[in-house]
Amino acid sequence: MMGVVQTKVARTDKKIVDDFAHYGVATVHEAQGRKGLLAPYMRPIYSGAHIAGTAVTVLVPPGDNWMIHVAVEHCREGDVLVVAPTSPSSAGYFGDLLATSLMSRGVRGLVIEAGCRDIKDLEKMGFPVWSKHVSAEGTVKETLGSVNEPIVCAGQDVNPGDVIVADDDGVVVVEREEAVDVLVKSREREEKEAKNRPRYAAGELSLDMYGMRPALEEKGLKYLADDGD
Amino acid sequence: MMGVVQTKVARTDKKIVDDFAHYGVATVHEAQGRKGLLAPYMRPIYSGAHIAGTAVTVLVPPGDNWMIHVAVEHCREGDVLVVAPTSPSSAGYFGDLLATSLMSRGVRGLVIEAGCRDIKDLEKMGFPVWSKHVSAEGTVKETLGSVNEPIVCAGQDVNPGDVIVADDDGVVVVEREEAVDVLVKSREREEKEAKNRPRYAAGELSLDMYGMRPALEEKGLKYLADDGD
Amino acid sequence: MMGVVQTKVARTDKKIVDDFAHYGVATVHEAQGRKGLLAPYMRPIYSGAHIAGTAVTVLVPPGDNWMIHVAVEHCREGDVLVVAPTSPSSAGYFGDLLATSLMSRGVRGLVIEAGCRDIKDLEKMGFPVWSKHVSAEGTVKETLGSVNEPIVCAGQDVNPGDVIVADDDGVVVVEREEAVDVLVKSREREEKEAKNRPRYAAGELSLDMYGMRPALEEKGLKYLADDGD
Amino acid sequence: MMGVVQTKVARTDKKIVDDFAHYGVATVHEAQGRKGLLAPYMRPIYSGAHIAGTAVTVLVPPGDNWMIHVAVEHCREGDVLVVAPTSPSSAGYFGDLLATSLMSRGVRGLVIEAGCRDIKDLEKMGFPVWSKHVSAEGTVKETLGSVNEPIVCAGQDVNPGDVIVADDDGVVVVEREEAVDVLVKSREREEKEAKNRPRYAAGELSLDMYGMRPALEEKGLKYLADDGD
Amino acid sequence: MMGVVQTKVARTDKKIVDDFAHYGVATVHEAQGRKGLLAPYMRPIYSGAHIAGTAVTVLVPPGDNWMIHVAVEHCREGDVLVVAPTSPSSAGYFGDLLATSLMSRGVRGLVIEAGCRDIKDLEKMGFPVWSKHVSAEGTVKETLGSVNEPIVCAGQDVNPGDVIVADDDGVVVVEREEAVDVLVKSREREEKEAKNRPRYAAGELSLDMYGMRPALEEKGLKYLADDGD
Amino acid sequence: MMGVVQTKVARTDKKIVDDFAHYGVATVHEAQGRKGLLAPYMRPIYSGAHIAGTAVTVLVPPGDNWMIHVAVEHCREGDVLVVAPTSPSSAGYFGDLLATSLMSRGVRGLVIEAGCRDIKDLEKMGFPVWSKHVSAEGTVKETLGSVNEPIVCAGQDVNPGDVIVADDDGVVVVEREEAVDVLVKSREREEKEAKNRPRYAAGELSLDMYGMRPALEEKGLKYLADDGD
């Protein structure tokens, strides 16, 4: 619903959320059955950041950042702001002052399917942003959107209180109801990979480790030795 | 006009131009009423550069960098080369030798709505470039364009002698006639932001600092407390 | 041919290949007559890597990385994996485990016209990748492609055993039969540029160094001195 | 949930749905408060079609149309098939045989955020399609997706049973629960426009019809009469 | 200048403008030295329209069509509305009611670097539009732009009163001051082509008609007769 | 090789080529194992054309159509001109005069990974073109390319003398050596589809016609009957 701020949000438990920071986006995405991944045009403004937090969702008109200002007072420690425009926009909705404001409340980062500016300052402050664009273009404050209503951001449904995990590979959303289950599966996957890594490093082949050869043969894979010359 | 080099250019006063280097692109863009910003696909080839200089404009055919060679001798200390193709091109018009040539004349950087190459060398040399593409693709020297004629670069009019400011957020052009005025307003804006930053850091809300609540209410913003569960 | 692995590949001589690592992509591309350059959307996942190696080619279905697993055992010291999808895909075909596997065999890097993930880990491991996308999105293992058959990758023909050179400017392929010739010409070009660089640095103009003025005049270039004000 | 077909779908009442065919996509989109519009890259394969129907939703892997075959038997008179890929794909998932199959069941059209083929045949048959791509590229039948689970298609949530309206302007989705209300508002809007059209045709200005002048003045709009020469 | 309507516009003479309708966009573009062509993403919403008129320029905020409403009363018989957004937008700024309003004043068409809707109705009314997007998405009326100030539209400077020519190949702008000269050259070009067309049809080669063979030979073109098998 | 015209081309037998015109691009693409399809951005300038012919290949510099003029005299009855730029270009390389010239020699159409102009005239003349862009932008005649050398066009290898089939779905290339085999398989596929079409029309399901149910079950597809309300 437009023109609405939901003031009461059921957030994923903070301990659960904090644990997600140990797992990369690729791991979490796999652990929950390859869903929830935002479109790959969502890129970090600087490399090396890795966060997990609870979503505060914001729907904004094109070129208008008023609702981000409105959203600030509904953020708390451990949140991640997730912003989607009602229509594609490359404008720079967000800069160092809003970041200062959010950091004072313990917000861990921003995910925005639009533009961001002051990126050098944001890097210095250590406030990570995943955005579709970088642009110095200013925005107006004229039209309402919504805060903490369900949104679609970069192709994925995001509900307020969901878990957001973001790193250099991109951004994934985990539904609040599934968070515990996905966390367990992320840990299992990570452990399995940790166990297999030395085998890969020792030269063992995935074809053998996972017994893929029969399936390949069944599909008809042929090994030829044409003279390559 | 094609096939023309204008040898006489009225440049913005150097003291004015140098002062612009204290202000970011976002600040200057806001200070001049949100105009003059080049399209956000103009990105720096390495992060952290921040320059201000006077535009030497070059219009080039697709895949042909001859006019950049012609432009060099019309550059002087404090200039920024601004290059637009007559038709979209991703070719690598510019590399380390041209940069060496420009640096010997005191040129501060390049803005090119096309491709650039040798980017690792350019970073080592400290010659910043904002470009639409990075590409090793070579160019020919067959067809004329123009030097120091008015051009449209990345969606903005650029006249020779205009001020160019560029940083990690992008590139903005300031008309020579408006430079002093915009500089003053940039300073004012910066000072205002510097004063407000501690208030943001202390947790004060922009809604209150700028008295936005009545306007939001007038637009009909509603605060609901649905059970989020 | 689909569903085929060619086990016998005529690779470019290793000494030749290793020598290519001294020359940048732009130099090699120019030296071979401005051909063989992959499309500029092929970008490194981290800056500063510069490799040369022999191509092992892989054709993969969209969102399916099975053939990369198949390709591993056909890689050897000095190779570069070159992967093209049969249909555009942004999925993350490749991550740190496959990289571990390839590094154990002496593979120098990956060129993939699709997505890659675990990029922070890959940077730490020092395994360079040039890709069209970065994406955490997982892939399946259901459908065959081919290994070491000729492919088109990012607009260029790549044959198994060809030389691949990649750096921050992009990726170039050199046909095996032409490798020695292109290597010689790359060296000559580099030497010529090294000789000219000090002249550029000393302020000499390319217009004079290469005698371009008569050709410019013949084309009709005019120098005007309109009052710029 | 992947690998699932929901066989029981609560469809919007057929009379309601049929009534929507009298209103264009722009009208319906406005009537429901400017929401529900699929991204504008969803274009009709031929012009002039205008349909309304109930959504049967299909989630498909990249380059794999198996689930569309599965979906057919869950379609009935008055439905519109809505297909989204789990990862972007331009492949041609759909052609004249599937269309023949769907037409035999009374399906009114296809909305697919991927590719479609046999478009000339589809036009002759009168089976309209709104797609992101046109492509002859074939697909495989290897991996499961889902039928009649909620999906995100071209940036919008679509639930099975929702109303889909599509014409030359694009595609809009109306939630089942809101269908009656939106239908009423669409009619009102249409009637209002019909009443105003003759006034526009007679030369009356919207500035006067809607009393916009005071608001413009308040915002500071200035009328100048510079000498245009 | 934003927030401004220039009420006095020096239009190109109507007789001159009307004459331009005899010449295609490609011809006019060539006749004026290959300049003034808007970017090729500006496409007609239906095929077969061919217009020439005088530009009324409008600068609009993203997703806000208020200034188009303001512009209407400054249009007169023979004008073409030319609209550019201050920031990229795909929204549907324009539909059949505004078209009705403009037609009542004798306006010949619309050129808009954004979205348009009601395209089927516009085709029926015979009101041609060249746009970057087609989209049903509605716009707001909140923020000022400008009318009859110079703008950059799709990469080209357009001044109020300039000549706009548009057909299935795209849109070209001719500066008012150069209109007579370009018209003469367009006619000459057309006549020359009309004379040469029968020679082409009779099988004569352009290589011979324009004497290109010596130049090709000088550039080093070689004719080989490798066995093609 | 650049700067070269191959005057001797081994063309696919004309009877074979002419037979291909009975089969759509999708059919031919499937019949040859889903390869050879040009990228889907290659679109016809008008709908309804369907051609088959032998490729005459042209490699052109960006914004330079000289080699197309050179190519004309190497075309003969039944050929299709296939043009690729050495670097991406949207310029309008081709218009009605070149089409007149080609038609006088019996050429059946043009495939160009760049821009085309005079599209309304081309439609009237009945000369079909598949292009990446439509643009009135003119080109120069300054730099050599090649004629009848192997090229990569829109992601596919095209050799002179290969078969080109193009219709509203796109463009496919068939290697000369494989033409007979692919023709036979195209016919078989078409006959099979013709036989199955009435079964689809009668409501038979592909799941049953092709016995897909066991494979779906094996993959784990589940049919659920959740209450949809």
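Note that the chains are named A, B, C, D, E and F in the order they appear, and that numbering of residues resets to 1 at the start of each chain.
The criterion applied here is as follows: a contact is a pair of C-beta atoms (placed from the backbone, for glycine too) under 8 Å apart; a residue touches a chain by one contact, two chains touch by 3 or more.
Not measured: the values here are computed from a predicted model.
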Partner chains shared by chain B and chain F (touch criterion as defined above): C, E
Self-contact between copies chain B and chain E, residue sets same or different by half: same
Winner on C-beta contact pairs when D-F is weighed against C-D: D-F
Cα superposition angle of chain C on its copy chain E, in degrees to the nearest 5: 180
Chain A and chain E: spacing of chain centres that average the CA atoms, whole Å: 42
Between chain D and chain B, distance of the C-alpha-averaged centres to the nearest whole Å: 40
Length of the line joining the C-alpha centres of chain A and chain D, rounded to whole Å: 28
Cα-centroid distance, chain B relative to chain C, in whole angstrom: 30
Per-residue multi-chain contacts in chain F, two or more chains: 34, 86, 90, 137, 143
Pairwise chain contacts, counting only pairs that touch as defined: A-B, A-C, A-D, A-E, B-C, B-E, B-F, C-D, C-F, D-E, D-F, E-F
Interface residues, chain F side, partner chain E - complex: 3-10, 46, 66, 69-70, 72-73, 90, 92, 95-98, 100-101, 103-105, 115, 117-120, 133-138, 141, 143-144, 148, 160-161
Complex contacts: residues of chain A adjacent to chain D: 2, 33-35, 86, 152, 155-157
Sites on chain F touched by chain D in the complex: 24-26, 29-30, 34, 37, 40, 43, 47-48, 50, 167-170, 172, 193, 196-197, 200-203, 205-207, 212, 215-216, 219-229
Touching residues (chain side chain E, partner chain A) in the complex: 61-63, 86-91, 137, 140, 142-143
